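As structure tokens, here come the structures.
What follows is a pair of complexes built around chain A, which joins chain B in one and chain C in the other.
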Partner chain A sequence: MKTLVRDITPAIHFAKMQHTTHASAVAGNPIFRIIKYVLYDILQNRIVIGYTLFLLAVSMGLFALSDDPTKGLISLLNIVLIVAPLVSAIFATIHFYNASEFIELLAAQPIRRGVIVWSQFLGLVIALEIAVLAGIGIPVALYTPTATGLTLLLAAMGLTLVFVALALLASVVTRDKAKGIGVALLLWFYFALLYDALVLFILFTFADYPLEKATLVLAALNPIDLARVMVLLQMDISALMGYTGALFREWLGSSWGILTAVGILFLWAAVPMLLAVRVFRRKDL
Partner chain B sequence: MLESIQLNKSFGKLKALDGLSVRMNAGQAISFIGPNGSGKTTFIKCLLGLVVPDSGDILLNGAHVLRGWDYRRHIGYMPQIGRYPDHMRVGQLFDMLKEIRRGTFQHLDDDLMRAFEIDKFAHKTMRTLSGGTRQKVSACLAFLFDPAVLILDEPTAGLDPLSSEILKEKVLAEKAKGKLILLTSHILSDLDELTTDVMYIMDGKMQFYEPIGRLKDQTGEDKLHRAIANLMKQHAAA
Partner chain C sequence: MKHLLIGIFLILAGVSPLIAAVIEVGVGLPCPDIRTALDRARSGDTILVHPGIYAEGNLAINKPLTLLGIGYPVLDGRHLDEVLTVNSPYVTVRGFDIRNSGQMSTMDLAGVKVLSADSVLIEGNRFQDCNFAIYLSNTIGCRVSKNVVQGIIKEEQNSGNGIHLWKCSGAVIEENYLTGHRDGIYFEFVTDSEIKGNTSEKNLRYGLHFMFSHNDRYHHNTFRNNGAGVAVMYSRQVTMTENYFGYNWGSSAYGILLKDISDSHIWKNNFEYNSAGVYMEGASRIILEENQFRENGWALRVQASCDANVIRGNNFFGNSFDVSTNGSLVLNTFNGNYWDKYEGYDLDRDGIGDVPFRPVSLYAVVVERMPHALMLMRSFMVYLMDKAEKIIPSLTPEHLMDEKPVMRPLAI
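Now for the complex of A and B:
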């Protein structure tokens, strides 16, 4: 009898504790409790500030040097399409590995694994998006506050989101830091450089066939291309892009088309991120 | 209270846990002993959910907790090597954990924080702390939320003799309150005073799990380290 009582006491204690959970669930999502510490950790690293200043200097420089803001915008587009994905991917990967202590500490606390990855993701996205908003948004607002300028800003922000998600997936899948950074770099290399070469190759090989629709699909399969097309179509130079350009125009010219393009870009962030959460749930720390 | 059933875990070819089944009850202080790489830390990490076992189950007060998360409110964990964000200040670290565990504990136990005078270096960043000071922080965090289960992985390693005594006193006090305490250490003389039971793990398998008194009777030794050495010899001979 005595042992029975001893066995039951902790269970009662346990049941009492379970009861208090409901009250605490209302007290706020744990992601918001953690995120400020994640942001603090990220901002201790001066790279985000350096990145902001770099974007600011490049944007200001390009606009100041070209007499026509549209020309400045095109030069800026080309740089942003390379730099924003690269910095987002590399910085997110390095940060995730450097935060391994932090992640381990959190994983031993009564919170879900998902909360840990999401708070890292949101922290990174908030920090990098602020950098983009300040570094590109301010010069664009000063020199060319047009729909095209706004589209460029949104494209840069979209790419940042996509590449942070891709980078987190890469870091969750690989255990080794060097390998993780390698995978993130490879993803960037593929989407920023290799993919276009492959598309050109396909277009030349099958030049005899009508490829307009295929080109549309090919563009949607690469977030960087998608962003580029979105911005270019806002400018009045799509006439130079031939029949394919006209088709793009027809697709993306309508508000419905823009919405789908944004939707696809969003999917490019959501799918890798959901995969990363799935993998992380089962990962050994 | 806490029970593992047929836990298996492999890292590649290495079998870290091989069908480990243990029942642990409140009021026990169990020492995990075994050679390096025998699976002690893997077992602890499985209990915490840091490592996901390939098969098997873990029960806390009869509830399945494998892949759960809320049950961790009942566990205080002091890792072998406490690794913390470099830039975080000691005070911030405590604030953060209090915030994360808000609503999941009934009262704060800051006995150790006072005994170790954590206030004095609350403004320092974790990076600048010495190994021993970091251990103190880890110990304080493990006890802070007054959990029903305490898991202490090499608690006294790196602590100076005085701090080590303070920590041992605290462990004894918590044991007396009827908590379940799990310990690993290679310093068997430290464990001698603290434990009620000894569990010997080798190659991921449990070799024996006995109350400390019976171990000493069996081997005719009155010191834990002699009794263990004696038993290890017997096992090696068998």
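Now for the complex of A and C:
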């Protein structure tokens, strides 16, 4: 019962807001107002606060434990690549299902469907990015304010963006909450663990073939790998430059490497999100 | 200055008719060009060259003379000739700006070439766009110091070396700055020589290249950002101490490449940001101690063809891979190094870890066999693989381990 009350809070806020403001102003640009209420709702959520504190504790602990900040960064990279996508995906899915009443209420108003999904997405993204900024950004700024640290933070933020988008796509497509969470979990499991095992298997199987371009394509097909490569470009550039492929070296050695990685990571967020909007527009609520 | 020198000369000339004369060369002086001065000079004379541009073709020095430039007079080879050829012992060349030597495919043309002449001193000159800048051939006891050598990067086959020594002994190469050549410093059949305090960077191939050169020492040099780092090949008894090797990036770029070298000592060097810090192939009885390996792709690549090498008391920090090897045979000793990846414990508090450290990870073995797997570096899957291998070693060389890893970084 309690959850139900919590879930409709934004709806109540929203109803009040509509009551007190001119309808024309709301119809003019309702997305920011909706985002505002979605965001308030999420930021008060205990899970988001817990997630922020968890990231903060883990990062601070890792930096404090290892005398070399580079070592701390390496451990933190593992956490970022596993935890950030997992929490983003699960939290976004659960939130979307919990907000279904609010979404139905909004859908009954003269508001476009696209605006509803986008406001949910942006509210989630902003809240989780704040968590990442506070939980990882502060320790990184304190202990290793270097290019590598900054790239790691960027990678964490990029992954949050991508996995919120993927999770929203999963929840828009499936009607059942348990199934939606299951799909989000599977996506995480695939990208975080299975994919690299598959890549290694492919590399072993086709070891006798020129695989230089194929490896680059394979890295681009997984957002977690992309984020990892972004950090590697800072952290292990000496080793990456020892790689035999000329194309690889040319691409990675210039600033194009990191630019393309960021660009493709954005595509990984944009494409699922646009798909989600498309599906939601036609969805029978 | 000029009058003072003339004054000194006159006084000395009065004292002894045997003392060396000073011949001045410059525009408006009795001797307008260097060639005439070289003809007039007797053994032991000093030729003083005033500022100006002297493009006189090839100048050969056939007597023991001192050639001094005031305010860096320019000796221009017009991309046609060798600029200076020294055929006599006890020659000093100091304070010139030597430019634009010729280039030929049949002869190695140089800025200054010393041919079978001993005890020659080449000091404080500038070299620009020479094929070879300084070329010593068949000499004993020559000294090359404080020269600034700047080549223009060309393709490897058309470029010469900054300082090139062939069949020399007792040479001293010190405090030179070398850039833009094929090899910064090249030694072939050079013995009992010393290379110290030089900086060699952004050369096409090696910062320093040893071939068949025994009993040499190089120390306090900086080798940075060269195409392939430093190579020491087919040599023995080479001492390499307190040098800096950094930023040598590439699939065949190394801090030091040791190939078929034996009985050498590598001590207190700094290896930073190289694709491979030290690459050893066919190396025997080399002692590698108290070196600093920081943020290299591979700190050490020890091929299975190496034997009886001792790697002790080094610090390894933040390298992507600490050690890799291409076989399972291990004939080298690792002892008492500091490894930042060591996760063991020290119950008896003697500063030495109680469990041995295996510096070759499973992933390093995988990458050695399959370089494409480099893309998976630091993936969680790789992390799991390495952990599993640490518990039950199966693919990594069983005997390659540091029995006494130290717990804290060594003060070096």
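Worth a mention:
Throughout what follows, the second predicted complex is superposed on the first by the 242 of 285 C-alpha atoms of A that agree within 3 Å, B and C clash if a C-alpha of one lies under 4 Å from a C-alpha of the other, contacts with A are read in each partner's own complex, and residues count from 1 in each chain.
Just so we're on the same page, contacts are C-beta pairs under 8 Å (C-beta built on N, C-alpha and C of every residue); 3 or more make two chains touch, one makes a residue touch a chain.
Worth saying up front: this structure is predicted, and the values here are computed from it rather than measured.
In the superposition on chain A, A:Val132 contacts neither chain B nor chain C. Contacts of A:Arg282 after superposition on the shared chain: chain B is touched, whereas chain C is not.
Using the contact criterion defined above for the overlaid structures, shared-chain residue A:Leu200 touches chain C, although it does not reach chain B. Contacts of A:Arg112 after superposition on the shared chain: chain B is touched, whereas chain C is not.
Touch criterion not met for A:Ala155: it reaches neither chain B nor chain C. With both structures placed on the common chain, the touch criterion links A:Ala219 to chain C but leaves chain B unconnected. In the superposed model, A:Leu211 lies in contact with chain C only, and not with chain B.
Residue contacts after overlaying the shared chain place A:Glu101 against chain B, while chain C stays out of touching range.
Residues 249-251, 253, 273-276, 295-298, 317-318, 320-321, 340, 366, 369-383 of chain C are the ones touching chain A in the complex. Listed in rising order, the residues of chain B touching chain A in the complex are 1, 11, 25-27, 45, 48-52, 60-63, 67, 69-75, 77, 79, 83-88, 92, 96-97, 99-104, 106, 148, 178.
Per the touch definition, chain A reaches chain B in the complex via residues 6-7, 9-11, 13-14, 17, 20-21, 23-24, 27, 30, 33-34, 37, 40-41, 44, 99-102, 104-113, 281-285. Of all the residues in chain A, the ones that touch chain C in their complex are 68, 70-71, 74, 77-78, 81-82, 192-193, 196-197, 199-200, 203-204, 207, 211-212, 215-216, 218-219, 225, 228-229, 231-232, 235-244, 249, 253.
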